[in-house]
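In the two assemblies presented below, subunit A is common to both, partnered first by subunit B and then by subunit C.
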Partner chain A sequence: MTDQGIGASVKRVEDLRFITGKGQYVDDINRHGQTYAVFARSPVAHATIKNIDVSEALASPGVLGVYTGADLAADKIGGLICGWMIHSKDGSPMKAGAHPALAQGKVRYVGDHVAVVIAETLDQAKDAAGLIQVDYGELPAVVDVGSAQAAGKAQIHDEAPNNTVYQWHLGDKDATDAAFAKAAHVTKLDIVNNRLVPNAMEPRAAIGDFDPGQDQFTLYTTSQNPHVARLVLSAFIGIAPEHKLRVIAPDVGGGFGSKIFIYAEETVCIWASKKVGRPVKWVAERTEAFLADAHGRDHVTTAELALDASGKILALRANTKANLGAYLSTFASSVPTYLYAPLLSGQYDIPAIYCEVDGVYTTTTPVDAYRGAGRPEATFVVERLLEVAARQTGRDPAEFRRQNFIKSFPHQTPVIMAYDAGDYAASLDKALEMADYKGLAARKAESARKGKLRGLGFSAYIEACGIAPSRAVGSLGAGVGLWESAEIRVNPVGTIEVLTGSHSHGQGHETTFAQVISSKLGVPIEQVSIVHGDTDKVQMGMGTYGSRSGAVGASAIVKAAEKIVAKGKRVAAACMEVPEDSVDFENGEFLGRGTNKKMTFGEVALQAYVAHKFDPELIEPGLKEGSFYDPKNFTFPSGVHIAEVEIDPETGHTRIDRWTAVDDFGILINPMIVEGQVHGGIAQGVGQAMLEHTVYDENGQLITGSFMDYAMPRADDVPSYNVSMTTTPCPSNPLGVKGCGEAGAIAAPPALINAITDALGHEEIAMPATPQAVWRAAQKSVRKQAAE
Partner chain B sequence: MQAFDYRRPGTINEADLALKAAPGARLLAGGQTLLPTMKLRLATPDTVIDLSAIASLKGIARKDGGLAIGAMTTHAAVAESADVKGAIPGLAKLAGGIGDPQVRHRGTIGGSVANNDPAADYPAAVLALGATLNTSKRTITADDFFQGLFATALEENEILTEIAFPVPQSFAYAKFDQPASRFALVGVAVARTSGGVRVAVTGAGQGGVFRWTDAEKALSANFSAAALDGLKLDASNVLSDVHGNADYRAHLVGIMARRAVAG
Partner chain C sequence: MTKLSLTINGRRVSADIDSRTLLVDFLRNNQRLTGTHVGCDTSQCGACTVHLDGRSVKSCAVLAASCEGADVMTIEGLADGTTLHPMQAAFREHHALQCGFCTPGMIMAGVDIVNRNGSQVDEATIRKELEGNICRCTGYHNIVRAIESGAAAMAGTKIAAE
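Presenting the complex of A and B:
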């Protein structure tokens, strides 16, 4: 049975239904009497709403209701919330404007929700939505984050003067400035971390369903965290108390962060289902997804690195303007602050760090967590600085990194984090070997003979997963705890249902969590089913994001499994008539130590339920245990990625020739799934670095609002990856796992830009390094070479 | 998508009658352009006339020393055709580079050419090869057919039936993909035909596909990539967008032309 347990590359049990079209996504669900919602969205970036005339729409065939912000307000439905309070450096709380689910008086980005039409059919709802007349008083758009805070710019929210939500900082400014003052060398970079559109394969969707008989709401929604959705919808938005609101997140086709948040659409659908007395379905079209799914990244940063004459890093300083978009999405405030600046130490021993971050409103789609969330932005800053500093001071970028690696653990950085374990040199050594770093010069010469430019770039990233413990994140402003729950229900025949608060939307939990059970309880994974995504089944949970499902979710399962074993031992002891402390549990069997008595797991389960052989005063019947697990610390996956590219300077086409990834994720539950996560993460990082370009014009119109113009990575954009692992077990959780879901997306962008700039021979290129951008930069390289 | 009437005639004649009976009707070929446009409600025809049941519109034949390709022939069929590979291998290759397998098995040469997207691949081949476009009413030369962005000589109620390609001495098409759509950011087709060297450019022209006559002259004198050295396309009539400003596109036209000549 160990061939299915922790460490086995078991094929994903969920894939059969996904690849044969038998998944059940929200859009596959249809409720009796279902109606359809279509949102009327703002065509302008910034305007007051002088008047909304819905009369024609209301009279349109099949229309059951047309609602605006005024109707929500009349029903005392609250606005959407941002669940992390950030305080500015002057101690004042962040200045957040209201975020109504349907606009009240003003629209603030193209795609903002103005009204909703509920009709018998989708086409009738669309027809009617086109008949809503809105009289807009247009205001200037505020698109550029760099100038959004300037005097004279249009004010987006009255509550936030100068469009500034907060001016936050972290670290010791004086110590950092002092270190820079005595530095032998300072490297300074202006960095843009480009805005990304998440583009999960399945667009967002919701069905609100009100049952008047039971006074009960059910929401089917594309959520990574249905319990958080229920909490927010009931406690803050005021749809219904939690016991009257069931949230179901069935199969979900990818999230990447964008389905963490609680959005206007599901809020309106669940509310409207009571209004019209019928289930209300909404499914985003891709255009809506581009406009109204929370975007990712979008930082403008000035960053500096101070070195002494020997190449030792003395300090790092960063000043970032983070574009938060037009409203604060659910966790928007935390991403460019506590998920970003604490990662600025990277894998390096940096004595002093200081980071300032301004959170800024613009009239663009709200920005929130997207695969990596803050950590890719931090890693890009650190790894670009390291690479450029090495180049500027004539050092080998690998050896320069090695010189500055943190070498002993635990290590307290100057920016909150206490790294618990790692061996950064081990990953670097392995990566250098796999990438044939020694052969680079010869490969460069060969490329040059063909008129091509070849370059190699490093990224030695660190990330922090499984954000925790709850007490600590609470002290930093989080509105929630970040534990996870698990419940193990053993059936009388020994089959097992595991109820988890971690939601699976591509990660493969139905396989990996079953593998954990297989290892801990000695049963084959076929006897285990993983239940998630339904607040009526799973009591409570915090969901899936931040690579937390393994470290936190699976750890909760381990804790519950330990309780199952303990209870099983008591039942077995009674049945075998041996002392409780002399029962061992091995390979799915309860053994009476020193006797030849034994019972299988299934036999014990049956005995627990028939309850014939023990005293109910001493042992309760049944075999079901739960656990709420709150980790002691974050986990700190790390690794070294090496990208090697070849550029055609005539066209700007960049071919990724090689990709080496050596990651330390601690213990691996399923190496095949881990490798898949690495592949997907790198592809997303390649997308950010070379392809994905979110462009607004000066009026706030999204120019790249479809796949015709927004380039997602395709199979032939990415190379065949060369992936390997090193292992330092994570000391802070019972499995020793660290988390792997975001690593590729974090590691890849700087590796690629470092490779491209190596090939170009200068640093003047920003993400995404599109063919046009690379061609322009290569022209410069050619001129530079000619001058030399 | 708004509701519409659907017709599926079995002959060109029936299709003609259906068009006359329903003014404003749209012809449906592979639907790769028309259906997304209808879903987005950018097109809202009352009647859609599906050409897929008209057998005479489909197929590839050697005819009069050339190649005749029915309007309803899919890109995949052209890409895989032994006749096309034998007579104009560069055309088969062009068809095999359009979109993805799904698109190639639905999209048709007639639909592509009738649509005349400024970034589509086929128009460059049709123009460079000096093909003839046969319709339900008449015969149109390639030079007369393409009339601007999404504009052609086709009249309302006129059905493109067949495209007749003369077999050239050589033909090659070099395409630089727009990274998102994978249509041509720039595509250059170069043909040596009985009427001389013809160079057609797609993806770059503000007025859609066009002939680059300077390059034709240079190549007529000396058919080699080197003949294009120093030749620059005037960027003032070249498209600009987020993927390529006019100067970059104009530069790429030169590079792609060289690559097409070099084969």
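Presenting the complex of A and C:
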């Protein structure tokens, strides 16, 4: 059975339906009597709503209802929430404005939800939405995060003076300042971490369906965490009590964070289905996704690194302004704070760190977690500082990193995290070898002969995954616990259903979780089905994000499997008439130690249900166990990525010549899937570094609102990747896994910018390093060379 | 309303349609062939790729009414009964899909790339020809491997059939 168990690159179970066109995404589902919702959105970035006239829209053919914020308020439907309380350095709680699902009195970004039309057909709903008359009293837009807090800027929410949600800090300021005061060298960088649009290929969608007979709501939604959606819609927004609200997230076409959040559209669809007495469907057009899906990143940072004369890092200091957009999305407040600053130690022994973060409102789309969420921003700061410091002090960037690596574990950083395991030098050595670092000088010379500029860049990243120990995050302001649940139902014939609170939207849980069961219970994966994404089937769960489903979700499955084995041993002991403590379980068989008696897993399952051979006073019939697993620590995946590029200074074209990735994810359940996660993450990081840019004009209009204007990475923008692993098992969970979903997106941007700046010979380039930007920068390099 | 007759996945189909109906909407809503996906509104993503008279097209950029008498093949028609098309099998073998949303379009585009460039099609050509298909999950590495391998397998089945 081991050929299917933990460590095997088993082909994916879920693939068959996707390659034959039989996936069931929300837009593939149609409910009897279904109607269509279209949202009227604000065309301006910031305005009071003086009047909304829906009369013409209401009279339009096929229209069943037109609703505004006033209708939600009349039904006592609450606003959308932000689930993580951040306190400013003065101790005051964050200053968050209300976030109504449909605007009340004011709009705050282009795309803000003003009203919804429900009609018999999609075309009728669209036509009617165009007839809604809104009288706007325009206010100045606030777009630039760097100046949003300045006096005289328009005030976006009354609750947040100077558009400042919080002024937060982490670390020891005095110790850090003292270290800087005695530094032999200080490297200082101004860094912009560009705003990104997540753009999962499946646009968000929702179907609200109210059954008056049962007084029961069902929401089909593109969610990474349907139970969290139910909790929020029920307990905070007030749609219906949890037992009257079922949330189904069927096949979901990618998320990358953007489908964690509880948005206006889903809320309105489920509420409106009772209003109109018919199912209500909404599917985002891509243009709407650009406007209304939470964006990612968008930091402006000044960062400094202090070294002593020997090259030892003494301290790191960072000041960041984080754009939170016009409203606080579900986890927005945590991303630039607790998911960011605690990662500023990177893989390095840094005695003192101090970070200040201002969370700022602007009249732009809300910003929240996007693949990596805070950790790519931190890694970009650390790895750019390291690279530039090495160059400025004439050190080899690899050896400079090695000199400062944390070498013994556990290691307590000055910014919360206690790293439990790792071998950073091992990843570096392997990456240097694979990338043929020794041959770099010769390759650079060869490129130069062709008139090209070649450069190599490192990124030695760390991330904190396996989110997260509930008590720890609770003490930091999280409104929820971040455990995961599992239930294993063994059927009388020995087949198994595993119910998990994790949600798969590309990660391949139907395969990897079955592999865990195969290893633990000795059954082939064909006998296992993984059930997820339906609150009526799975009792509770926290969903999938933060690379948590292996470390937390699969650990819950292991815990439940151990209970199954324990119960199975008791049943087997009774059936085989041997003492309970003399039953062993190996390779799917229960063995009477010291006897030749044995029973297969299936036989024991059957006996558990037949219940003829044991005393029901002592053993309950049936074979079904559940667990809730709360992680003991974060997990700390790490690795080294090396990018090597060749730039044509005549055109600004940057060709990624080779990509080397050596990651330590601990124990791998399915190496094939893990490598796929790395590939995808790298491509998203390449997108951020070279292609993707979200641009607003000064009036707050989104200029890059479609795939025509927003450059997504395509097949000929990225290379083939050379991916390998090193392994230090994670000591804090039963599988030794660390998580791999975000690593590529975290590692890639600094590796690439370090490579490009190495080729250019100067640091003056920002993300995205588009051909135009690279061409300009390369002209400067060429002039500089000519002058020398 | 326009009367439309065409062949979809080898089956003769007739329907009355609004003359503005896009082929993708006709396939998804009228024919309930939901394997063809919609990922954008600017004909940029390729999630809607199908074969029209043997060539791949973006079905969001084709009016259904213009397909009178045409032969349309969608992802649902690619396998031969329960035997997967070699390109479908290659996508699974090489882990060329994660969320699966771009996958039908990628597979249809992949078959067309091989049909036009032959079974020896190289990586650079595949990457260039995939220009119109976006995948946000896989980073393309395994999609390229799958199309290379699918190309070889398609040549194999052709020889076997001859």
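Just so we're on the same page, the second predicted complex is superposed on the first by the 788 of 788 C-alpha atoms of A that agree within 3 Å, B and C clash if a C-alpha of one lies under 4 Å from a C-alpha of the other, contacts with A are read in each partner's own complex, and residues count from 1 in each chain.
Throughout what follows, contacts are C-beta pairs under 8 Å (C-beta built on N, C-alpha and C of every residue); 3 or more make two chains touch, one makes a residue touch a chain.
Quick caveat: nothing in here was measured; it's all calculated off a predicted structure.
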Which of subunit B and subunit C A:12 touches, first, second, both or neither: second
Partner chain in contact with A:707 - subunit B first, subunit C second, else both or neither: both
Subunit A: partner with more touched residues, subunit B or subunit C: C
Partner chain in contact with A:651 - subunit B first, subunit C second, else both or neither: first
Which of subunit B and subunit C A:202 touches, first, second, both or neither: second
A:20 touches, of subunit B and subunit C: first, second, both or neither? second
Subunit B versus subunit C as contact partner of A:775, first or second or both or neither: first
Touched partner set for A:691, first subunit B, second subunit C, both or neither: first
A:597 touches, of subunit B and subunit C: first, second, both or neither? neither
First (subunit B), second (subunit C), both or neither touched by A:287: both
Set of subunit A residues, in rising order, touched by both subunit B and subunit C: 287, 707-708, 712
For the subunit B and subunit A complex, residues of the former touching the latter: 1-3, 40-41, 176, 179-181, 185, 241-245, 248, 251-252, 255
Complex contact set, residues of subunit A against subunit B: 123, 126-127, 287, 650-653, 691, 693, 695, 703-704, 707-712, 770-772, 775-776
Interfacial residue positions of subunit C with respect to subunit A in the complex: 28, 33-42, 44-45, 47, 74-76, 78-79, 84, 88, 91-93, 95, 97-104, 107, 123-124, 126-128, 130-131, 133-144
Subunit C-facing residues of subunit A, complex: 11-12, 14-25, 27-28, 199-203, 251-254, 256, 283, 285-287, 505-508, 672-673, 675-684, 706-708, 712-716, 718, 720-721, 744
